[in-house]
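Shown below is the structure under consideration.
Each chain gets a letter, A, B, C, D and E, in the order it is written, and its residues are counted from 1.
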Amino acid sequence: MLEIEQLSVSYGRIQAVRNISLKVESGEVVTLIGSNGAGKTTTVHAITGVIPAQGSIRYEGKELCGLSAHQIVREGIVLVPEGRRVFPRLNVEENLYMGAYASKMGSAERDQEMERVFQLFPRLAERKTQLAGTMSGGEQQMLAIGRALMAKPKLLILDEPSMGLAPIVVKDIFDTIRQIKQEGLTMLLIEQNAMMALSVADRGYGLEHGEIVFSDHVENLRDQDVVKKAYLGK
Amino acid sequence: MEGWINPYYLDIIVFLFINIILGLGLNLITGYAGQVSLGHAAFYGIGAYSTAIFSVKIGLNPWLSILLAVIITFLLSAILGLPSLRVREDFLAITTLGLGLIAQSFFKNAKITGGAYGIDGIPMPSIFGHELTDVEYLLLVFIVLLVLIYVLHRLSRSKLGQAWTAIQEDEVVAQSMGINTLYYKVLAFAIGGAFAGVAGALFAHKVSFISSDTFGFTLSATLLSMVVIGGLGTIRGTLFGVSVLYLLPEVFRIFDIKIIDPNYIDTYKMILYGLLMVIMMRYRPKGVFGRKIRHQKRAVKD
Amino acid sequence: MDALLEMKGITKRFGGLTAVDQVDLIVKKGEILGLIGPNGAGKTTFFNILTGIYRPDQGNIQFNGTDITGFKPYQIANQGIFRTFQNIRLLKDYSVLDNIKLGLFRQTKAGAWSSIFGLRRSREEEKKVAEESWALLERLGLTDLANEAAGNLSYGNQRRVEIARALVSHPEMILLDEPAAGMNSEEVESLSALVRQIRQQGTTVILIEHNVGMVVELCDRLVVLDHGVKIADGDPNQVVANPAVIEAYIGGQEVTEVVGD
Amino acid sequence: MLAQQLLNGIALGFTYILIAVGLTMIYGVLKLLHFAHGVIYTVGAFSAMIGILYLNMNFIVAILFGMIIAGIAGVLVERLAYRPLRGTHPITTLISGVGIAIFVESLFQAIFTSDPRGFPATGMKVEPIHITSSISLTNSKLYIIIVGLVCLLLLYAFLKWTKMGVAIQAVSQDMRAASLMGVNVNQVVAVTFFIGSALAALAGAFVAYDFNSLFPTMGSIPGLKAFCVVVLGGLGSIPGTIIGGLILGIVESLSEGYLTGMVIDKDAIAFVILILILLLKPSGLFGKQVEKV
Amino acid sequence: QGGGGDTIKIGWFGPLTGPTSTDGIHSRDAAQLAIDQVNKQGGVKGKKLELVAEDDQGKPEEALKAVQKLINNDRVVALIDGAYSGPSKTVAPKVQKAKIPMVAAYVVHPDVTKGGDYVNRVIYTGPVQGKAMADYAVNDLKKKNIAVLYVDIDYGKSIYGAFKEEVQKLGSKIAIDRPFNMGDKNFSSLLTAVKAKNPDALYVVGYYNEASAIVKQAKETGLNVQFLGVDGFDSPKYLELGQQNTEGSTFTTSFYGSDPREVVQQFVKEWKAKHQSEPDMLSSQSYDAAKVIIEALKKTGPDSKALAKAINETKDLEGTSGKITFGPDHEVIKPVIFMTVHDGKFQFVKSKIYK
């Protein structure tokens, strides 16, 4: 589905991502793990067109490099950004409505889609008219995911959905991710919390200093020493 | 001495130096302490009017008037800087712009400033009864300029400079590191204002007549553009920016460039000036001498 | 050990919301105190009150025998309380060394005049500041990065620089707001070691964290906030076993796995 | 006399509002102080004049023409002077905007001279309308109030209920997140500049018509006062801008009507009020304070 | 000095850019016209004259530099001051010191000529006009209760100051007086305040730009009183911008194009041919300033001291703005002209000499 080859990104003099290649097959959940500053966010920013990159990003046979963010969304790749970034002065409904901005849904279909999100996150249904900026971190994270789902993505990218959240909320979020997976959505998941990431993903890539250092099926990864030591705390 | 130097060129240089002093003060406030000011002309005016009032209306010795003018500008700038401390960062440009307009309006309407008539007959300072000639005045302005460059250079490396840097980058952090941001911001306005006060006083004695028109928004805005185009936070930048942009129109005048209809040359000059500002920002947003990473040189141990 | 910090009845409201509600807290000298609680519980707000960024609506703060309620942030820093921020706040365009020197601001005395005239005192002071900053960088193994612009560092290193900046002037107390956020377990380990070192040098630590495993292992005592109210205060292992805390913060059984301990 | 002065103030306030609304919206999406907005007002007035004089348009068509030309000019200014500077220090965009203002003003002086000229005659005559025996208003001022109200209502509906309107709000709040929702940010910014500029042009053309006078520097003082209005209302807040505009119009009118022998004249009074209000409420009347630490 | 070659240079400075540039450009063009006329007649003593014009942007320090350049680089023998008061006042003491004669064209501030015998002026000072209008309003028009709006610069203040004094001396009242700024367009509030005082005349001391807006808005406010004005009204723009509202307004000036004297008709004809417009008061003043210098040059030649003396001794010179004679204070003595708008045109009312 998504095939990245020889991708490089630099910020001025510093090269944050160096010639990485990775693949996401349809229906798969792939996780990208790596310590801070490894280049994970940078990689997904390149995929979603937020920052320019060199190399090749092919999606269902189409080259994405060079397209801008709003065009890529129209291709069906949607990002739940790091730090949530909900629209603070729009209410919950308006935020979700923004999620459907790029799709050509009719209003009936959109409302149906919104119902589905509310089923997934009953909390949001209770808070339809609350301004997003006044919600707690966990609620905002749910809203951010719901908003992305409104676009009916074919590939959903989540950038550290658990960051800065209380353990109880993290658990909720991962339950949701599992549920979405069950419905067959393809995902690329970025996580610090390797334990959780490996528990939902099919395959994983390790990123260090802007380079891929390992990649394998999750069952194999759990047994690898480097992974254990650095990410699982054993 | 008078004979071999063309007074026209002397005057250009005197005014250039005065403008550089003005620019250095603005750079201190905006470049070093990060407080965008669109009202610098107010401080310039306060300096000029103070010395004019002391020397003409009260009849003090011009040297004493200049000294008092600088002290007064220092104090008034601190006070005028105060409201700017309370307002949000985005608003600062507009508040200072407003302060500039209010000051100009005061100059124009108050009795003490001569109102719409302005003040004339501002005397040249003299030494031992000898009134300074054009050349001697240039020398005076030059010495003042050198001293102020040195002062700014030292200040930027002192504890004050460090505090200003921190305030400019992140006020909350600055406070959390024990920096009394209020005090240092007021000090930046006061010292930067005092620079402008020096410039204003030197200007007043040079032209002998001042009126409110000189101290308006246009001056504040062009001055800011000179300082920014040169590069905020560097002395070289201000020297360069003010010199080039101040002398540019003069070059047109001296060489009598007549490529186009001379009736319109002065308008075309302004058109070019506007374009230049846009183009400079486009290709050198940090200014000619603006640097990306600033670190205090001596800090590095080898 | 005597009480270094004593806060009584601290309350802060934002409009209709009470972010911190009648919180009492005593911190002893040399302690490592953990502050946990769900998102939006008021932890960061509590730090902001303690450092003078917000003024409490009610309550009273005693530090080292001085009443510091209503002090300005810079006055509080001068009392010896330093902090880091939940979202890293370094001067991004400036070198690491310059950032760290900022931490020594309160210890330099030379003002405008002595700098302008290049007096000996100011030169000596400059030298001393450079030396102390350098020494700390050596201790933290950051000397290679001394001249890098802080904004170009990796996140983990930025955290360390931020901690170093709060530490360099040997403060009485240091407040760390989610220092381990987004670190992997190896990095968390080294961070814990650093915090222990800090305590060793005689500095008292208050730490906000969501990494329960780390907190339980590192802290002498845990305080839990929920909706601005203190719901638990005591030995870390007991606190995390407290049903109220589990319900509000940690969640059901299988969560021990999440915590990664 | 008081009622008459209030009416004068409201009419004046509406011209300020029409200019300032654009500034507010533009600040919202780009966080930028648009110093070239004053010349856009001028462009609007001159375009309307050209429409009548050389393109034989009638009054209403000419005003619309002025709005469109000014709208395009606004979009071009953004494209050429602001977009390349996105992400740099705010002061660079400020200087760039001032540069554009100087450029356009001088260009107009070269083309039209600095002389004021009359607004070309159309069927529409400026005439007083007597509301009571002692209170009157020119029809042109009444139009400004009515058209201004209609435009504000349309703008409200646009922002609230259209897809593009909501996108403008989204970009104001988080540009990157909006682009990740598939919003074409550049398009939104262009639309914002177009609308804001068209409204300023509307004010410019009406003022030129009402006072029978237009000249290249006509936009500079209104431009500065519009900043005052915008900040007064708390940058980025449209209701704040409306209140700010009315306050300014009324205060100016009253101060001119009743106060004499002031050390501060009426053009500076706007800023005295501004500074007083900011001292009491540092983020403006409707501004939201607080940066979360 | 500039007499060395086969041309003699005369300097001119004034605003060629900025909001007042129209005045500057007219002034310069008028001076140029005077010089072209002499050159056509063979110049002065066989030498051609050349006008060197410099922009002062309306700013004192620019004027100073401009004049320094004219004196030191171009080596002009005399200067025409085509500027407003600020620049003129700044420059006056400097030309006095450099001993280069200067003739001020239209600046009215009294202090300009106070410096010494190198500065003369071909327009009467502000107070003369104020006194003249007071006389006309009270004695001829029998106005009792006069409202005044004046432009808040020295021009407005000095004319109004003299007007007020004289009006009160003659036994009438000032109903209300309010300043306004140059560039103001909206006078609705001021006029509402004026109307509340029920005056029988409104004296506007300002330029055509604001004056036209005031008469227009006054009519719209329902203030139908006699309009009185000053030489700032004297421009075709007043009629264009003020439209039919200007009908009946009366003002003082120093020049009128329908003056049958030969010198005026010649000037008007040539101006029209060259610029396709009517010359205004300001052009006439600047033309006369040039004329004063040219006539003095004809008498003496380019030596500055002699030239200054000859200028001071100008007597009954036929200028476009009347017969020009300088008093001992270097101020001109010539009649004040009253004009009114009738049938959409400026019409001569009367003229009278005031001191």
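Going forward, contacts are C-beta pairs under 8 Å (C-beta built on N, C-alpha and C of every residue); 3 or more make two chains touch, one makes a residue touch a chain.
A quick map from chain label to UniProt name: A = Branched-chain amino acid transport system ATP-binding protein; B = Amino acid/amide ABC transporter membrane protein 2, HAAT family; C = Amino acid/amide ABC transporter ATP-binding protein 1, HAAT family; D = Amino acid/amide ABC transporter membrane protein 1, HAAT family.
The structure displayed is predicted, hence computed values, not measured ones.
Engineer: Under the touch criterion given at the top, what is the topological distance in steps from subunit B to subunit C?
Structural biologist: 1
Engineer: Which number of steps is the smallest that gets you from subunit C over to subunit E via touching chains?
Structural biologist: Minimum number of steps from subunit C to subunit E: 2.
Engineer: Could you name all chains that are in contact with subunit C and with subunit D at the same time?
Structural biologist: Looking at subunit D and subunit C together, the chains touching each of them are A, B.
Engineer: Counting C-beta pairs in contact, pick out the pair of chains that comes out on top.
Structural biologist: Per-pair contact counts point to B-D as the maximum.
Engineer: Farthest from subunit D in C-alpha centre terms, which chain would that be?
Structural biologist: Comparing chain centres, C lies farthest from subunit D.
Engineer: How many Å are there between the centre of subunit B and the centre of subunit E, using C-alpha atoms for each centre?
Structural biologist: Roughly 35 Å separates the two chain centres.
Engineer: Using CA atom averages as chain centres, what separation in Å is found between subunit A and subunit B?
Structural biologist: 52
Engineer: Measure off the straight-line distance from the CA centroid of subunit A to the CA centroid of subunit C, and report it in whole Å.
Structural biologist: That pair's centroid distance is 31 Å.
Engineer: Hey, what residues on subunit A touch two or more of the other chains?
Structural biologist: none
Engineer: Among the residues of subunit C, which are close enough to touch at least two other chains?
Structural biologist: In subunit C, the residues touching two or more other chains are 53, 85-86.
Engineer: Scan subunit E for residues touching two or more other chains and write them down.
Structural biologist: 17, 21, 152 - these are the residues of subunit E that touch more than one other chain.
Engineer: Which residues, counting only subunit A, touch subunit C once they are in their complex?
Structural biologist: Listed in rising order, the residues are 11, 14, 34-37, 136-138, 160, 163-171, 192-196, 229-233.
Engineer: Okay, in this complex, where on subunit E does subunit D touch?
Structural biologist: For subunit E paired with subunit D, touching residues are 17-22, 152, 178-179, 181, 183, 185-186, 188-190, 192-193, 196, 209, 212-213, 216-217, 220-222, 237, 240-241, 243.
Engineer: Can you list the residues on subunit C that touch subunit A in the complex?
Structural biologist: Residues 37-40, 86, 152-157, 178, 181-189, 210, 212-213, 248-252, 254-255, 257-261.
Engineer: Using the touch definition up top, name the residues of subunit E that touch subunit B in the complex.
Structural biologist: On the subunit E side, the touching residues are 16-17, 21, 25, 54-55, 57-61, 64-66, 68-69, 71-73, 85-86, 89-90, 93, 109, 111, 152-154, 156-158.
Engineer: Quick one: which bits of subunit D touch subunit A in the complex? Just the residue numbers, please.
Structural biologist: Interface residues on the subunit D side: 163, 166-167, 169-170, 173-174, 176-185.
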